[in-house]
Amino acid sequence: MTYDFNHIVLMAKKRNKATIDTLTAVYDLLTKLNIDTHIDVTTARLLDLKKFPTINANEFKDNIDLAIAIGGDGSLLHAARTVVHQNVPILGVNRGRLGFLTDINPDNLDQITDVLSGQYTKEKRFLLYAHVQHDESTICKADALNDVVLLPDAIAHMIDFDIFIDNKCMCNLRADGLIIATPTGSTAYALSGGGPILHPELDSVVLVPMFPHSLTYRPIVIDANSEIKVVVSNLNNGISPAISCDGQPSIPLQTGDIIKIIKNRNYLNVIHPNTYNYYDALRSKLHWAKKLGQD
Amino acid sequence: MTYDFNHIVLMAKKRNKATIDTLTAVYDLLTKLNIDTHIDVTTARLLDLKKFPTINANEFKDNIDLAIAIGGDGSLLHAARTVVHQNVPILGVNRGRLGFLTDINPDNLDQITDVLSGQYTKEKRFLLYAHVQHDESTICKADALNDVVLLPDAIAHMIDFDIFIDNKCMCNLRADGLIIATPTGSTAYALSGGGPILHPELDSVVLVPMFPHSLTYRPIVIDANSEIKVVVSNLNNGISPAISCDGQPSIPLQTGDIIKIIKNRNYLNVIHPNTYNYYDALRSKLHWAKKLGQD
Amino acid sequence: MTYDFNHIVLMAKKRNKATIDTLTAVYDLLTKLNIDTHIDVTTARLLDLKKFPTINANEFKDNIDLAIAIGGDGSLLHAARTVVHQNVPILGVNRGRLGFLTDINPDNLDQITDVLSGQYTKEKRFLLYAHVQHDESTICKADALNDVVLLPDAIAHMIDFDIFIDNKCMCNLRADGLIIATPTGSTAYALSGGGPILHPELDSVVLVPMFPHSLTYRPIVIDANSEIKVVVSNLNNGISPAISCDGQPSIPLQTGDIIKIIKNRNYLNVIHPNTYNYYDALRSKLHWAKKLGQD
Amino acid sequence: MTYDFNHIVLMAKKRNKATIDTLTAVYDLLTKLNIDTHIDVTTARLLDLKKFPTINANEFKDNIDLAIAIGGDGSLLHAARTVVHQNVPILGVNRGRLGFLTDINPDNLDQITDVLSGQYTKEKRFLLYAHVQHDESTICKADALNDVVLLPDAIAHMIDFDIFIDNKCMCNLRADGLIIATPTGSTAYALSGGGPILHPELDSVVLVPMFPHSLTYRPIVIDANSEIKVVVSNLNNGISPAISCDGQPSIPLQTGDIIKIIKNRNYLNVIHPNTYNYYDALRSKLHWAKKLGQD
């Protein structure tokens, strides 16, 4: 029998029994199918897995045709930022509840066999690329599948900053911060901040001001192909804002620093089993009703 | 001298002195420039204007190359629904405050001369097309530049309805109603309902539930090329919902009725003077700051 | 054995098998305990109950010391507006999910025996009293346990109105309407409109503007002993607003009409079994977590 | 002539020319009226004022009958936390726009003479008192006229905490933080977070969850005489939350720490000139319309 994916790498992030058990079960399933299977080196180190063959992330490009991430949406985000540069598609195995990106139920690994046999859809998701300049030198570059967040060093201190879209001034904001989210990230942190849900097929990003000082600011959705520039104002006395991509540890900024955010050229290819349905995931996550009478 | 537009129709909706004065001033300006200028027949009747040459809306297509709407955004909406089917572009003259679509200040009609001389940009805006079916027969068809709104006969009675996107069930909602807004409409009624601002270049629509019974429903932005289907549930005892396009008088619905909403094939071409800037209009309308220290 | 309540009336609103079965079961339980039990005349007529002794609402005051309402929060609201004028306390039997006011589970009617034996707490809830004046004559008076709602004849038409608190101008509003809610009503319609939750012990009301035209209006909480006056502006051309108390059929208003809202002098006494806990009810209704790790 | 206040202290916080000029003008005005006037020692040091008689804060109680705070609402907050323990009333002189608490316009200091002559109203505002326990020992005590805020060390990390009201569990929250605001603080930071406005006469506090993980949490208003207890959960791995009172530098917390918040026994007495009107201040600050047609 032939499969659509024949060289697979397994990735995970959390060192706990459930993850190790699922990873081992997936490994066993794949090797039984005679699929060439490796564990990502960083994963092996993190989870202290010694008996599996490993592979380095920078070797994925030529040797791997599918990455399987095991864990929650956080683990998939982490794996995604690695595989996107290697042009390797990703499939998520969730532990427990249905995730937006991690569709495979660990109690039903047969779904993986179905995917390998061709019963899947491929969905393109874009990432953001943030680039921070201080005095004309670049101090940081980072990718984000969910969001780029501008935040203060302490929440009670408002930041003053200016937003430019394609070099046109959108506005000045005095707020606790700003969330710039992709459609993928629109159901994560941005949603808590009052942002709208963006359907994953949209080529748009949403800017959600956090606790704006004036009550008339609203989330605004713009073309993902725009260049967003956030300039930390010189009026911020004694405040040290920071940026964080996908909730990763934040990078401190200084007044006058410029954050440029554009769409990453590389797309992430997410593999979904054919049973996947975006609205099912949405309803499940947000406890929306499907039919009448369910309260 | 040659102009980009040589056959112009003037349109208005409100019968008051300010509108008539501005319309007369625009007429005088255009005839002085030797532009062939008419007044739309309906406008002439509504404002009781007798001394101007008139033209019927169904003759615009072959005889008119620009419509100038005089009034607020409401008047432009009204004119837009007429000219879009005639493929005639539209320019708005506002009375007073800066509008999103009506850019020309009546105190500065020289801007019209500038536009005629080629100093303008053309912006495409899409409309929605709503189509209501009752027992398989069509009971209503309407266009909307801003929004299609599902509403109850009395606000205190919740409506039960199901939403389908491209024939996939999105969810069931129990709410006071639903606003389906274009980017143009995103800064109108939908904004009061907590919807996001959609940049006018986006090919998206936003669905904003009105006072949903469950607290987890949020505005959702989807591709404008999707087919949206709203089915009024049979569970609505004694409630008669209705739909309204762009705030026009509403059309009553019965349980089981199906509202289909798709993007109108015809785009509206809006003419903006070169001084127009979307973010300027946004900041002005929403009282956003441009620079620091203004609040 | 002696009981705290010896003359009980049963009230209900919905004519369906579940309600009739529960009402009959409660009746049987009470008569077995030798409690003098009647059915409210209106209830008997509505549910077509012929074999029970009945009593008129205007006889409650001298003959009844407890009313038991069977149904959802809507049925209790209805019964409450009757018994409050008779100074009779009320106990709610819910059908199904935990209600805010209807605490007794129909599958566990022993809780009623516990209440009769003295295992209960009494909670005072206040009602609003709305009074509408047209040209100095009163056109309507009504009580509300949840809310008084000003609403337009059709949702898409904004109403202009002025709000005065103790004869001081609070503001002018241009909105779809206004919800004035008690603490009891703060978890009902007002919550869908973005209002805060008011703890039931508070002597406060909240004013929630509905879809206000300007984005800076917010829910405002004031002393329940204030006089609220809403004046429908003369600027409302062709709009006929209305008011509705507790979602009852609405009463049409004309421009210039004045709505006065004050606290009702009579309080409703709600009887809760000792197992009742407000925060339990809140968490259950709103799906809030009690402990970590539940979501 | 006799005055209602004869021993006055001047307080300020910001060292800049406008503040010093206004403070000097107020000093000159008062001494001309033969009022015994001092500058608070800390203010004199902060603003480097050497030629004025000074007085220590702990001597206010027996020697001072009015404090005048010069600056914005921030400066008044600062002065208020000092004078509240000395039982000295406070009057605010604002620089520029109308404040909620600083009513005197620096261009119209005659209003001060009016106040001294008895043309004023006295308004009681309560403060919160926060008390943090770590392993049964108190690690911090602080007052807040506006708010007590629980916040994470970095905004992107959610905090898990439990809220108890009078020792009853209200809920567990997973959020960026929690704002507990007085009526005075309800128009400050809590308002940006979606909280309601609480009329200053209310004896209530509002709890506003910040970016809660679940969408069903809402601001909740409770009796100010309740004891609020926030317990930082042991599940917060690697997160160090903190608390901040009135935006003062924050105090770091550890998992298991308990924050107790009660109403301060001492009230702040705010002196308002007779021209003061709360709703005027509200409309002015929030750009609400007073009359129709102002948009």
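Note that the chains are named A, B, C and D in the order they appear, and that numbering of residues resets to 1 at the start of each chain.
The rule is simple: a residue touches a chain if its C-beta (ideal position, glycine included) is under 8 Å from a C-beta of that chain, and two chains touch if they have at least 3 such contacts.
No experiment lies behind these values; they were computed from the predicted model shown.
Engineer: Hey, which pair has more contacts between C-betas, B-D or A-B?
Structural biologist: Of the two interfaces, B-D and A-B, more C-beta pairs touch across A-B.
Engineer: If I list every residue number at the interface of chain C and chain D, are over half of them used by both copies, so same, or under half, so different?
Structural biologist: same
Engineer: Approximately how many whole Å separate the CA-defined centres of chain B and chain D?
Structural biologist: From the centre of chain B to the centre of chain D is 46 Å.
Engineer: Report the inter-centroid distance (CA atoms only) between chain A and chain B in whole Å.
Structural biologist: 36
Engineer: For chain C, write out the residues touching at least two other chains, lowest number first.
Structural biologist: Residues 191, 194, 213, 215-216, 218, 286-287 of chain C each touch two or more of the other chains.
Engineer: Considering only the defined contacts, which chain B positions touch chain C in the complex?
Structural biologist: Touch residues, chain B against chain C: 149, 151-152, 154-157, 175-177, 189, 191-194, 210-213, 215, 242, 244, 247, 249-250, 286.
Engineer: In their shared complex, at which residues does chain D touch chain B?
Structural biologist: Result: residues 215-216, 218, 287, 295 of chain D touch chain B.
Engineer: Going by the contact rule at the top, pick out the chain B residues touching chain A in the complex.
Structural biologist: For chain B paired with chain A, touching residues are 160, 162, 165, 168-174, 191, 194-199, 201-202, 204, 206, 214, 216-223, 233, 235, 277, 279, 282-283, 286-295.
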